[in-house]
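To keep things simple, chains are lettered A, B, C and D as they appear, and every chain counts its residues starting from 1.
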Amino acid sequence: MAIFVDKDTRVVVQGITGRDGGFHTSEMMAYGTKVVAGCTPGRGGQKFQDKVPVFDTVREAVANEGANTSVIFVPPAGAAGAIMEAADAGCKLVVCITEGVPTVDMVRVMPYLKERGVRLVGPNCPGLLAPGIAKLGILPASIVKEGPVGLVSRSGTLTYEVVYQLTAAGLGQTTCLGIGGDPIIGTNFLDAIEAFNADPATEAFVMIGEIGGDAEEKAAAYIKAHVKKPVVSFIAGQTAPPGKRMGHAGAIVSGGTGTAAEKKRALNDAGIPVAERPMDIVPQLKSIWKR
Amino acid sequence: MNIHEYQAKEIFARHGLPVPPGEVATTVGEAVALAGKFGLPVMVKSQVLTGGRGKAGGVKFCKTIDDVKENASKILGMDIKGHTVRKVLVTPALDIASEFYVGMLIDRTSQRVLLMCSAEGGMEIEQVAKDKPEAILKLPIDPRFGLLDHEALELGLKMCPGEVKKARQLATAMQKLYAAFLAADASLAEINPFIFTPDGIGHAIDGKVSFDDNAMYRHADYEALRDLEAEDPSERQAREANLSFVKLEGNVGCLVNGAGLAMATMDLVKYYGGQPANFLDIGGSSNPEKVVNALKIILQDKAVKVILFNIFGGITRCDDVANGIIKATEMMTIDVPIVVRLTGTNEAEGRALLAKTKLHPAETMDEAVQKAIALAG
Amino acid sequence: MAIFVDKDTRVVVQGITGRDGGFHTSEMMAYGTKVVAGCTPGRGGQKFQDKVPVFDTVREAVANEGANTSVIFVPPAGAAGAIMEAADAGCKLVVCITEGVPTVDMVRVMPYLKERGVRLVGPNCPGLLAPGIAKLGILPASIVKEGPVGLVSRSGTLTYEVVYQLTAAGLGQTTCLGIGGDPIIGTNFLDAIEAFNADPATEAFVMIGEIGGDAEEKAAAYIKAHVKKPVVSFIAGQTAPPGKRMGHAGAIVSGGTGTAAEKKRALNDAGIPVAERPMDIVPQLKSIWKR
Amino acid sequence: MNIHEYQAKEIFARHGLPVPPGEVATTVGEAVALAGKFGLPVMVKSQVLTGGRGKAGGVKFCKTIDDVKENASKILGMDIKGHTVRKVLVTPALDIASEFYVGMLIDRTSQRVLLMCSAEGGMEIEQVAKDKPEAILKLPIDPRFGLLDHEALELGLKMCPGEVKKARQLATAMQKLYAAFLAADASLAEINPFIFTPDGIGHAIDGKVSFDDNAMYRHADYEALRDLEAEDPSERQAREANLSFVKLEGNVGCLVNGAGLAMATMDLVKYYGGQPANFLDIGGSSNPEKVVNALKIILQDKAVKVILFNIFGGITRCDDVANGIIKATEMMTIDVPIVVRLTGTNEAEGRALLAKTKLHPAETMDEAVQKAIALAG
């Protein structure tokens, strides 16, 4: 089992005819993900790799191929519109990989999704990979393995680093989820943790946070109150200077809040071990996890 | 991207906010001429991209032309928190009967534009938030309906109880600021303070605007607002080369793919007793040119004693990345040691390629960081 | 009993300090309506006629006096804002008397009300009068009488004309409701008819329509399908030329639709008698109503 | 309020819609000069506030200057459905490859702005709606989110299947038209047709805009757009006197309080075999001046043989209203009989006052109407 996806996940890729969209669609298909359609306005009627029908609109992809999930690779100027299109067409899960979406666009998108009961992952995220089930996004399939650990992270390659170490240590994953580095994202730590907590296949999980905002603090409070499963955490950006955006639009310490120190304190107060180094995550998880 | 007070006020004025006249001077003579134009008394205000200008002596009331001369010459060239003052704003000094704070920012929790206002105007809002949080009124604005008349007026009346004319002016200012915020794709917009003169008329006498970097593509005019002199030269080059870069004070130059991994790498340098020279995310590409640009920027900093690559090959294969790094290092002369850590897809092939070079390979982040610190000496 | 109001209706009057607002508030109070508060920004702390406290905001009126209903007499430029203020403050019924509210403003108001579960009557309407219970608006109390007939109308004085005749014929009313003459109104014929149909005190009812739109046609279809109570109708504007606005913003025949003839046909097809003259309404109602 | 094609296109152009150049001429000479300015061929288009101009011969293609002379002189002064042509629009004639309809209006059912579009451009949309309703695509626009990109593009692709470039132009036109609709407080805005020239570029070559009369107060500039010559003089006077008035062809002048009652009164005149001369709602006031203005306007029409007052005294008392009517009739000489029906609050007192005058009192609407028709002869 996994969170957010299952064997009935039928994917339409928005921006399938683009360079990145095409490459990652191939990767998703190679992993066995049911990519049933693509969408690029003006390319309706074509086929991607002679297999996957391309439509002008997501509505057609849903109507003709039963797509229920969208993965978005369109450029930033069209990303918010693409998310709304997918939601309006009836997709219940939308994964937006696109980096650089204007924040005000996301402010407008969020209530639109809420009214339609749509889950968004991202934007500016690697997506999710449920080993053995489906890969939605760009997480490298080569490093994952089926198993009992859940992983949620605001980062991309740092996530891969940790997944790599988990897999190397023999700890497979139920779902690896990158929620994205922007200030406004569809699925936050809390959503992911609630889902991991409810998922019977997930026995333990790892949360990889970073500076900016207070999503880690909120997650800590939730875990303290509701979660019995073992959790280990890591926070990136202890050495980041205040007021500077560290790559991710959301990774910024402003007005003295959102610091790594605050987050670590909140996590420790909630009884959640915070690894000092990425390499400590797996040993710490093993040490608190009575299998 | 941050802009100066005078630029923020130009945006305010375009959206109908009551901004007093004002112009920028770069010399004492210009400042004197402007004081003549607007009429005494005037304020001479340093234009630097940092807060606390007043405390630092960078904002002065001038009753006479001699005051203008004296203050302008003091302020121009002054250093405020590491920022050199190159421009002053000259603007009529108004008689302040009361002052207020009105600001907006992107709120992650409500996922909306958050309106904040306070009768404690003129102070830094972070300070008010710390000392007297109950003095700040907050309203997350529903993007579907905008800032409604009654919402703005309710806040105005809380700030000016019993003074409906002032409350209405504050409410209108909030609505115009919201329009400006959206039109400008701001990430922050503040009027601080919004004052009333003794005649009961409101004025936005100081302000701050930051733009959302993600939205720059739809505001071609913003590049002209950028104060290139105020920017660190290496950060400017990085921006022009489309690299996500932040200059730091250490000696370990870092090139990492991915922002989270880049932060974690900096943290690890510190953990092992070293000092990172920068944050740099080179992204997922194996393009040698990008690596060259990044190296050039980092190596301008003579403090840098070692280069540390930390690359996780995910979709990009490690052998491709290794080839990119090798090509890049061949395209320029680099006289500091280079440590390269490559992990992930095709890592063995990647490391085999590096073995033929004088680059220092490492298997893990920890090993790479420790090696780099040792080489930095 | 009545529709939309009862003995717990506690009214705040928005614009109570204006000329019309003040006059009609006196009339409402004279009829025994529980006017518990007024609202005019800048007049908070005053009292209307030394009795009714005036507040700056509706929120204060709700908090301090338990108002649950608003009657609005503010000028057109502020009317839409006043409706939203009342809804946001928690009023569940808002009656907007104001004439001349820009239509685009009402387009924006409607979803705001829907999200908050608020019923609006009007704008550009006389409001409602439930004899013996409450008067919300400007319907003259002198012409009504308690009794079993419901009345709903898009008009003002034409409504009074019919109420007058009902009362003269000894037929009292449960509720007289003027829904307003604008193209976009909060409560339409259908809403009123559903309510009258469900109200045990209402034994029969009268629907007074006019040219423009197709609200009468929709009401006819509903009555045919769901209503067993006797209903008589009247349609004003048979002689109105096409394309001309007949006073009410909504009373216009455009593109050949919204004509009186169409409406009469739809009503007749639904088995609802349509009086030829206003004076025929009462006799026709009596003739089909087996009391 | 309706405006001319050329005025609608000015609004379109301000909102970035692709409107071809064009100017208005009131003489043949001006038309010829404009044809020279824009270059042949041109269209010469009558500017009248009614539809069906093309069928009536009021829109002509002109290949030569002689064509311009001939057609402009034919069209200027022409009568189209009772409207005299006083202005022609001269605009370059474009080569039409395909034409579309894009329009918006206030939809009572959805309570939204309804976007309608069709590949059957150039025809009156009412006709398309009758003949081929499936050819009209409709979308009620959610005011909270506006017309979204994917919504507009889906419609554009339905209108131009397989031609995404044209679909995008149509989608953009829809979004700009929606912005124009809201900014203008329109009740109707149509581009008909939106055409593509053979090079695939879209143009809004004809259009119509009506304003919401309720929103005139926030558009001070609209009064200048009103074509006073095209308006019926009595309707214009009524508008200026703030009276809700519509001119009709009969001989019974009607003064009624309330729009619904006024319509019902007209209907009753017709029911009894008479012909109403007008619709007029004098509102709830008992102000004699308003009555005087109303009487003046009605009595300009020499066909009017009788005046019929039908007043329901609700909040306003009948005796007050009677006094107002009496005063008004004393302030002017009226040589047609006046029937007054007063019912409602204080009706007995009102009738007692009328009994002392030469006005003809009536107790019911029916009695009043029958009396008026009889007196009209």
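Convention: contacts are C-beta pairs under 8 Å (C-beta built on N, C-alpha and C of every residue); 3 or more make two chains touch, one makes a residue touch a chain.
All values derive from a computational prediction rather than experimental measurement.
The minimum number of touch steps linking chain A to chain C comes to 2.
Of all chains, B has its CA centroid at the greatest distance from the CA centroid of chain C. With centres taken as mean Cα positions, chain B sits 27 Å from chain A.
A separation of 54 Å divides the Cα centre of chain B from that of chain D.
A separation of 55 Å divides the Cα centre of chain A from that of chain D.
Counting only residues that touch two or more partner chains, chain C has 108, 111.
Looking at chain D, one finds that residues 144-145 touch two or more other chains. The touch graph of these protein chains has some other shape, matching none of line, ring, star or complete. Taken in their complex, chain D has these residues touching chain B: 144-145. Interface of chain C with chain D (complex): residues 23-24, 27, 76-77, 100-108, 110-111, 138-140, 142-143, 153-161, 164, 181-184, 208, 210-211, 213-215, 234, 236-241, 244-251, 255-256, 260, 276-279. The touching residues of chain D, counted against chain C in their complex, run 106, 108-109, 111-113, 125-126, 129, 142-144, 182, 185, 187, 212-215, 217-218, 244, 246, 248, 256-264, 266-271, 276, 279, 281, 312, 314-315, 343-345, 364-366. Contact residues on chain B toward chain C in their complex (touch as defined above): 144-145, 148-151, 153-154, 157, 162, 164-165, 167-168. On chain A, the positions that touch chain D within their shared complex are 41-42, 44-45, 56-59, 78, 81-82, 84-85, 88, 108, 111-112.
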